[in-house]
Every structure is written in C-alpha cells, then in structure tokens.
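Take a look at the structures listed below.
After this come two complexes, each holding chain A, first together with chain B and then together with chain C.
Then we have the complex of A and B:
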C-alpha cells in the first residue's frame, strides 16, 4: 500500500495547504475582489463535495441539486426575514427540509425503478417544478425576490452571519474542510463501501445482501442536506434570492462541473475542480471583457471544458495523482 | 343567452387547443430527432435545442442573403444539419459512446455551450426573425380560425415524421439501424458497421431538428438563449411519448403543445412549463416507458 507509506507526506502537505488557505485573506495583494473569487471557489468546492456523495460515491446521477440549494437558502432566508430566526437555526431547518425532499424524490424514483438518465431527468423536473412554484410563492417574495436586511458591516457578527467577505471566507473554508472530513469518514465506513458497491454493480450489491434501496435514498438525503447548508450560507452572503437564479438549471450544472472536472468519486476532485474552474472563469472573463465581444467568455469557457472532458475524462485529480506518483488508490 | 355565451367560450377553447396542436406537431418533429439519437446510440444529446437554434439561424441567414422562405430553405438546412450531425458523431462522439452518463452529459453540454456562444458572437443576443408576406393569413373552417403559418408548419412536421418512418421501415439502412438499436452486439456479429450507422443516426436526428427549426421559424423569432429550453422540452416530449416510438414523439409533442397553450390561457403564462414538468414527473413515476413506448 503506497498510501500507508506516504501518509506522513500527505498529512504534511494537507496541513500546509490548510494553513496557506487560512492565511490567504491576510496577504497584502488580496483585496475584497480576490476574496469574493475565493468564496466562489469554496462554494463550488463545497457543493461539489455534497453532490459527489450521491453521484460520485453512490453512482446516482442527480442533475437537480439547485433544488436543495434553493430549499436551504429560502428556508434560512425567509425564517430570518419574517421572524428573525438566527441563520444557523434556519440552516438546520433548511437542511432537514432538503433531506426530506431528497429522500422522497429518491424513494419515489427508486421504488418505481427509475434509474440512470431517467433519474437524472426526474431530478431536473423536480427542481424546475419547484422553481416555478417559488415564482408564485408570495411569502418569499415570488419573482420580485427576497431581500435580506443588510446591517452595517462595521464588525463581523458570526451568530447572525452579517459581516465582511473575509468572515464568509473563513466560515466556508471551515465548512469545506468539514465536508471533506465527513466524505473521508463515510468512505472508510461500511456505508461508504456499500455505496461504492452499488455504484460499480447494483445487481451484485443486491445479491450480496446490501439494502440497495435504503442506501441510495440515504445518499440522496445526506447529499441534499449538505447542499442545503451551503444554500443557507449563500442566502446570507448574497442577501437577495430570486427563484429563477437560486433554483436555476445552470446552478445544478455548475455544481456538477467541478467534481467531474476534478475527478468524480474522489475526495480531492471537487476541491481541485472548483479551483481549476474558478481560475478558468476568471481568465476567460478577463480575456472576454478585454476584447468586448458578446459570448467570447462563454465560448472560451465551453472550449476549455470540452478539451478537459475530451482529453481527461476521468478528471484532473486522477491524472495529477499519477503524475505525482501518489499511487493508484481511487480516492 | 347563456347558451350563446357558452358556445362562444367553447369556440375560444377549441381555437386555442387547435393552435397548440399544430405547434405541438413541430415540437414533435424536433423531439423525434432526440428520440432517434437516444434510442439508437444511447447518447444523451444535451445539445439538441442548440442544434435546432443553429438551424434556425441558418434559415434566417438564407432569408436575409438570398431571400429564401424558410420552407424553401428547409431542404438545404436539413441536408446541412445531416452532414454536420454525421461528422460530429463520426469524428468525435463515436469515441465516447461507451462512457458513463455523466461524462457524456458534460461533453454534450460543452458542445452546447460552444454552439450558443458562437451564435452569440455571430449574431448578438437580440431576437431575429423572418418577415413573411403570409404571416397573418388564416384559413376559416366553420368557427375555427387557423393561422396559415401554423398549418404549414404542422403539415411539414407530419410529412417529416412520415418520411423518417418510411426510411426506418423500408430502407436497408433503416432496417440496419433498427437492428443496432435492438441489439448492438448482434448487429456487430452479423457484420454491420455500427459506427457508421451511429453516424447516420446522429445525422438523421440532426436533420429532424434542422427541419423542425425551419418550421418553428415560421412561428417564433430566434435568439441564442432559447436553446436550453428546447433541449429540455425535447426530453420531456420523448419521455412522455415513449422512447423510440415515432408516433409517441408526435403525440408527446402535441400533448405538450396543447397543455402549454391551455395553461397559458387558463392559468398564468408562467405556469405553462410547470404543467409540462408535472406531466413529466407523473409519466416517469407511473409509466416510465412513456405513453406509447414498449418495455
């Protein structure tokens, strides 16, 4: 086992990376804009980790994760807006609601033996249907949007999630590391092995006595709850929610792009994919706006995406790992 | 008096339903392309709406430069899309047919992004359309008032679907493609060139959206960003009607066309796609093989 021998090296590298990430906002050239870009990357990494559980580990392709972002965001946002419920409590409510929604959608689909591409389309349909419902849900502002009251930002109020971008950066960094630890923990437990068995061969897993239905539903519920936690943070970071952006298909696609580019089903994949995609987005934006041509940014982004998927379908991390000689462990 | 009002109201509904039905036939032809590609190659063409929008722009350009009516441009655009689809499958997608769903999804999504962005660079974000001398003509059929453009579009769509049906039913290539769809390994064993047949299939699917795009241009203006909505619409229709069923695709298209028209009139217009998604969820859960599909 190469991984055992290299464990101290990996640990040291991780510690260095984490302290570097923690020190980043303190550097002189890192202004609020750079922090906002880093926040975008962390959101992508965290959402990617959450989605990676149901699709990367358990092998069920969900294309509607914007639904759980939206449920978390609207639950925390609306509870705070109407009754002053603290964000962290609202976040819990959102996570519970999203877990329930995810579990129900998964249970309905898998009970009726809807799988593969059909399952993917069903998840899109539920997300789109909910988006249109929220367009007409006046308690949360419908299409005119839900605006959270913006207090002055003289000091950071962690309890009510009002404060500077740097505060959000640290909260998200902690959340992403938590997500990473949780994913790592799950993969080493019985449930993680069951998920991977289901992903590789569902019939064989069933034949071995794994309750396939139960573990698939659990993966979806957990993934949805984690996604909703990120959604709640997003609500308080953005301060404004519209159904058409919060529940957008585009968001679902963004969520799945980072882990696929980074390496689906791997632990580091969502992180590496998020960093790579955010960097790519920044570069294409600069190039695109420099030449002031409509659509150039999207073209460059699409072409780069196409190149990565066509040339490195397994993702960047597996490729990078073999380059660094870190051994063939799938994680 | 109430009797007369009831009659009047019934006529309004009937007119809306017939208009939805005619538009739905064009949706059906578009979705037919997806059904053929998905049913045979098992590749999820998430660039389907984008391909149709490309065809619509081609028809707009032919109209501006050569003054061609979209109906005259239709054979040209259809042929061009067949060639483009054939080349895309032969030169690129054939390498990825055995890949997992999510990789194919991202691959086609990247193709879709590049297509939309190219159209945006070439034509800008504004809506483009063609002005037709007969745009506001209509046929009167008793109390029914039929728009000429809608009747032409629907007739074209049904003719296209019939041609495709005849191709699959009677031609040797069509029979071979059906064999591929039924059993890929078996088709290879008896010596069929599966990769070439896949390319022909993708070409045919692209030709369907080419024709559908020209017909739809009679009814609506085109802008780059409508593409994604039509991709989703095509998927809804294919699943409603049943994969691999030509009649199913037309039926699904008509169902969606009518429900959109009615929902836009009875409820708020913004509810019209909610209705389609609700239908999709219902069909997937209760009858996943679609209304006319077989298990």
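Then we have the complex of A and C:
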C-alpha cells in the first residue's frame, strides 16, 4: 500500500471513470445494442470479482462457479415465477443457498485435504452434477427451461427488475462498484491478509495462528454468495433459464478469463480484463461478419489469452500500473 | 531448572514406517531460557520441532506449555497457546511485502491494522529489515529471508520461539549479529527459545542448556561445557577414536 501521496490522483481518476460510466447510456450514439454489450462487460467484471476472492485472494482454484450463478438465477427466477417473490428477496435466498453450497463443498474438500488441481476437479464435478439434477427438476422447468413472464411496460420497475437495458446497466454498474469496494475493504483487513498468506504458503500461514480451514471455507462461501447475486440479476435480464447454459462449464471458464487477463488477485484486474475482452469480442464480431471468417472471435480470444499468459503472466493491470507509474506491483 | 518449566516435553515418540524418528525424548525449557537441540543429521531434531509445533501428531508422549497440554493440537492452536516457529526451508509469503509478511503474524493479537503495522515495523527495525519493509518478500536474499522468518514468528508474541536452523547459510558476522539480536530479545522480553542448529558457534554463544539427540534418542544434556566434554557426544559427532581411545 504505497499509494499514500498518490491517493488524491487515484480518487480523482476513479471519480471520473465512474461518472463517465454513469453517463454512457445518455450519449447519443449509445443505443440498446451498445448498452447490451456494456452489460455483458459488467457481468464479466462482477462475476470475475466474485471468483477473484476465492481464487485470486485465497488461492483456491474453483472451476465450477457456474454452479453459483445457476443457484442464484434459479432461486430468484423460480421464486418469482411460482409465487411472485420480489427478485431482490429471491436474490438473497439464492445468495444464502449458494453460500451454503460453496461452504459445504469447500468444507468437504478441505476436511479431506483435497487441494489444488483435485479441488478444481471437484468444483467442476459439483457444477456438472447440479446441471444434470436441474435437467430433471420439473419445478423449474427441467430441460424445457424456465421462462419469466415478460410484459411491455411504460416505466422501469426496479423493484421487480422489469425494464429497459439501461436499468440493468445501472443496477450492474452499482453492483460492480459494490463488489470492487467490498474486495478492497476485505483486502485491507485481517481476513484479506490471512487469505493472501494462505495463498502464498499454507503451512507458514497455519504456523502463524491462522485457522486455515475456516478462512478457506469463508472465502468460498462469500465468493459463492456474491456470484449468486449476479446470477439472480442474470435471470431477470435474460428472462429464460436452461440448465445446460446456466450451469455450463463454458460459463465457469468465461468467469475466470477476465480476472486472469486483467490480473489475478488484484482489485482492478477483473474489471479491466472484462472491458478488454468485451472490446476485443465486439471488434472481432464486426470484423468477422465483414470478412466472413467463422470462429474469428474464438480464435482471437484464445490468442489474447495466450499472449497475456506468455508476455504478462501477472495480467494487464499490474503491467498498466507500472506503466502509469502508480507503483505497488500487486493491487 | 525451576519447578514449573514453560515448555515440558515428556517421553515424546513418533515413528515413520520402520523408522523410530523420535524415541521417548524428554526435556524442558524454563521461562526466558535458551535451549539448543543438537545432533547429527537425521537425529530427529526437526521431527521433534514438528511434534511440539503441531505439524505432526506424536504416537505417544506429551507437550505441555505453561501448564496446558497441547499434545496433538493443530499448528494454529499451538501458535495461540504461545508457540511460534520458523521453518528450516524458509516459507515467505512471496508476493506480499516484507512488512505485510510480519503483519500477518502480528494480526494474531487483534484486528487493528494500524497496531499490527506498528508492531511489524518495530520488529523489522530490530531485525535489521526496516529498509526492506516495502520490498516484495520474493526479492529478499536467503539471510534476509531467515530474518524475515524470525520477525514473522516473533510478531505473534510467542512465549517460546522455535528456531529451526535459522543460522545456516549465514556468514559468521551475520551469525554473530543474529545471536546478539536473539540474546537481547530473550533478555529484554523474557522470551524462551528452543533452537536446532548446526552452526556450533551460535549454539555455544547463545544457549544456556543443550539437549543432544542421536537416532531419535536423547543421549546427553547439560550446559554447553558439560555437553562438549561428554564422551558419548564426542563419539557420535567425531567418531570413536576421538572419544578417548575405543575399545
């Protein structure tokens, strides 16, 4: 934390960025399509932040975060569909359920000393198992999907999360900024120091009095709850849920890409990675349709990932930081 | 030794497959005492450390600190009972800065970040690492890492500090500096120290009492002078001839 004297500059820059982000949907050239692209970026940033807590901060590799997206999405979606429960309440229920699921999976794994790659495999297994379970779960529509009722309305209904893309944009912007603030707070407190100590060396951390098991389970529970909150929003934005897409392995992989490209374990990394990836995706989609090259987008994504891993393995943000002379080689 | 030692190790034993690594070892460390655990390679020193610090569970025997039995406790519980240890193969939190490494130790005593930072800065000063406070630990040299390891352990404010080969790899001048630092610390704060060490220069200068292990058994103990004259000790260190004519 060497930012000390640079704090005013950092604060000013952050304030400018936030105002710019808030003003974006009001600009003349920003239509619903552009807003939908921005929403994609914000979802990636927010899910990345949530995943970053357990893997970036606490060092426990989860490759099954689609599970928590799905639990949040289905909890909020099904409660609204069947009983008209307001989405924000359903979101809380989903977050609680996901926190419990994450904590139980983590506790089972760590109690039996399953770590590293084996832990990652186990997280995939639980996500896949849940996907198959939901394929046969008729209360939420099973494989036919869960469709949330959509009605044309003149005004955005924030309480019921029914409305325009711009409304979702602002909700997601607030959520992402909240995620950033929460991550920053946690990292500056004892729990953040303990998570990082565990990530760096578990034996040394334990010898310094840290109840490693408890802190790892807490990281997973919190990360899962945050992910589920995003999942609930996703349900009301997409209005339709299928187990095969909601719990897809592909989604778990998408979630981890932004933070890895932006800078694993850093605060701004997930956000910067999400913006960079979405921008790259849009440019290549347009190029691809112009040039009629199939799969150009996927190809360039892979190339970008390879380039970052080969050239800047710490991610874009640590590299940007040092280029901008912000000091501090981590956050 | 006083009637109630700070650390009492009683008939500690641990077996690895066919090897009896530690075989009924007993000794005690009084408050403020500095005790060295010495012996040839494979004598069971590090295993004994691990049994005391909770990294290994003993097959039998007891570990009592300040009257409370911590036999079979986890390392973090042993730490909360007042035991801090360093690792023979240093384990810095590589991506964290030097001061953050020490703060992790200091945070055992409370969640106040400012207080943890203050305590950490003080220890870095004491161990001559103040100039490196904001450096990432991965950039430290080996002697610096050893000092960081010691600072981090001390930051937990232990009753007893277990130092596992903390002098090895240091130059003689660095050994002397470390010995002076540890002796000062023990005198100033009443901290007890249990150390294993191959560097005899440090063992002789620092310890009040020496316990000698060989093949997992305690073969001698006493003051540095007593131990250095003990025929059994000379035999295991130097061979039969040096112990005064075999036979």
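In the analysis below, the second predicted complex is superposed on the first by the 327 of 331 C-alpha atoms of A that agree within 3 Å, B and C clash if a C-alpha of one lies under 4 Å from a C-alpha of the other, contacts with A are read in each partner's own complex, and residues count from 1 in each chain.
Throughout what follows, a residue touches a chain if its C-beta (ideal position, glycine included) is under 8 Å from a C-beta of that chain, and two chains touch if they have at least 3 such contacts.
Just so we're clear, the structure is a prediction, and the values are computed from it rather than from any experiment.
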Fit or clash between chain C and chain B when superposed on chain A: fit
Which superposed partner A:135 touches (first chain B, second chain C, both, neither): first
Contacts of A:303 with chain B and chain C, given as first, second, both or neither: first
Chain B versus chain C as contact partner of A:92, first or second or both or neither: neither
Dominant toucher of chain A (residue count), chain B or chain C: B
Partner chain(s) touched by A:203 [first = chain B, second = chain C, both, neither]: second
Contacts of A:276 with chain B and chain C, given as first, second, both or neither: neither
Chain B versus chain C as contact partner of A:249, first or second or both or neither: first
Chain B versus chain C as contact partner of A:175, first or second or both or neither: neither
Vertex chain A; arms to chain B and chain C (CA centroids, nearest 10 degrees): 80
Three-chain overlay, closest Cα atoms of chain B and chain C, distance in Å: 13
Residues of chain A contacting chain B in one complex and chain C in the other: none
Contact set on chain A toward chain C in their complex: 2, 188-190, 193-194, 196-197, 199-201, 203-212, 265, 329-330
For the chain B and chain A complex, residues of the former touching the latter: 38, 44, 92, 96, 99, 101-103, 105-107, 109-114, 116-121, 124-125, 224, 228, 232, 235-236, 239, 268, 270-271, 273-274, 277-278, 280-281, 284-286, 288
Interfacial residue positions of chain C with respect to chain A in the complex: 53, 55, 74-76, 79-80, 84-85, 87, 91-96, 100, 103-105, 107-108, 111, 113, 116, 134, 136, 152-153, 155-156
Residue ranges of chain A touching chain B (in the complex, touch as defined): 55, 61, 63, 108-109, 112-114, 116-118, 120-122, 124-126, 128-129, 132-133, 135-136, 143, 249, 253, 256-257, 260, 264, 293-299, 301-303, 305-306, 309-310, 313
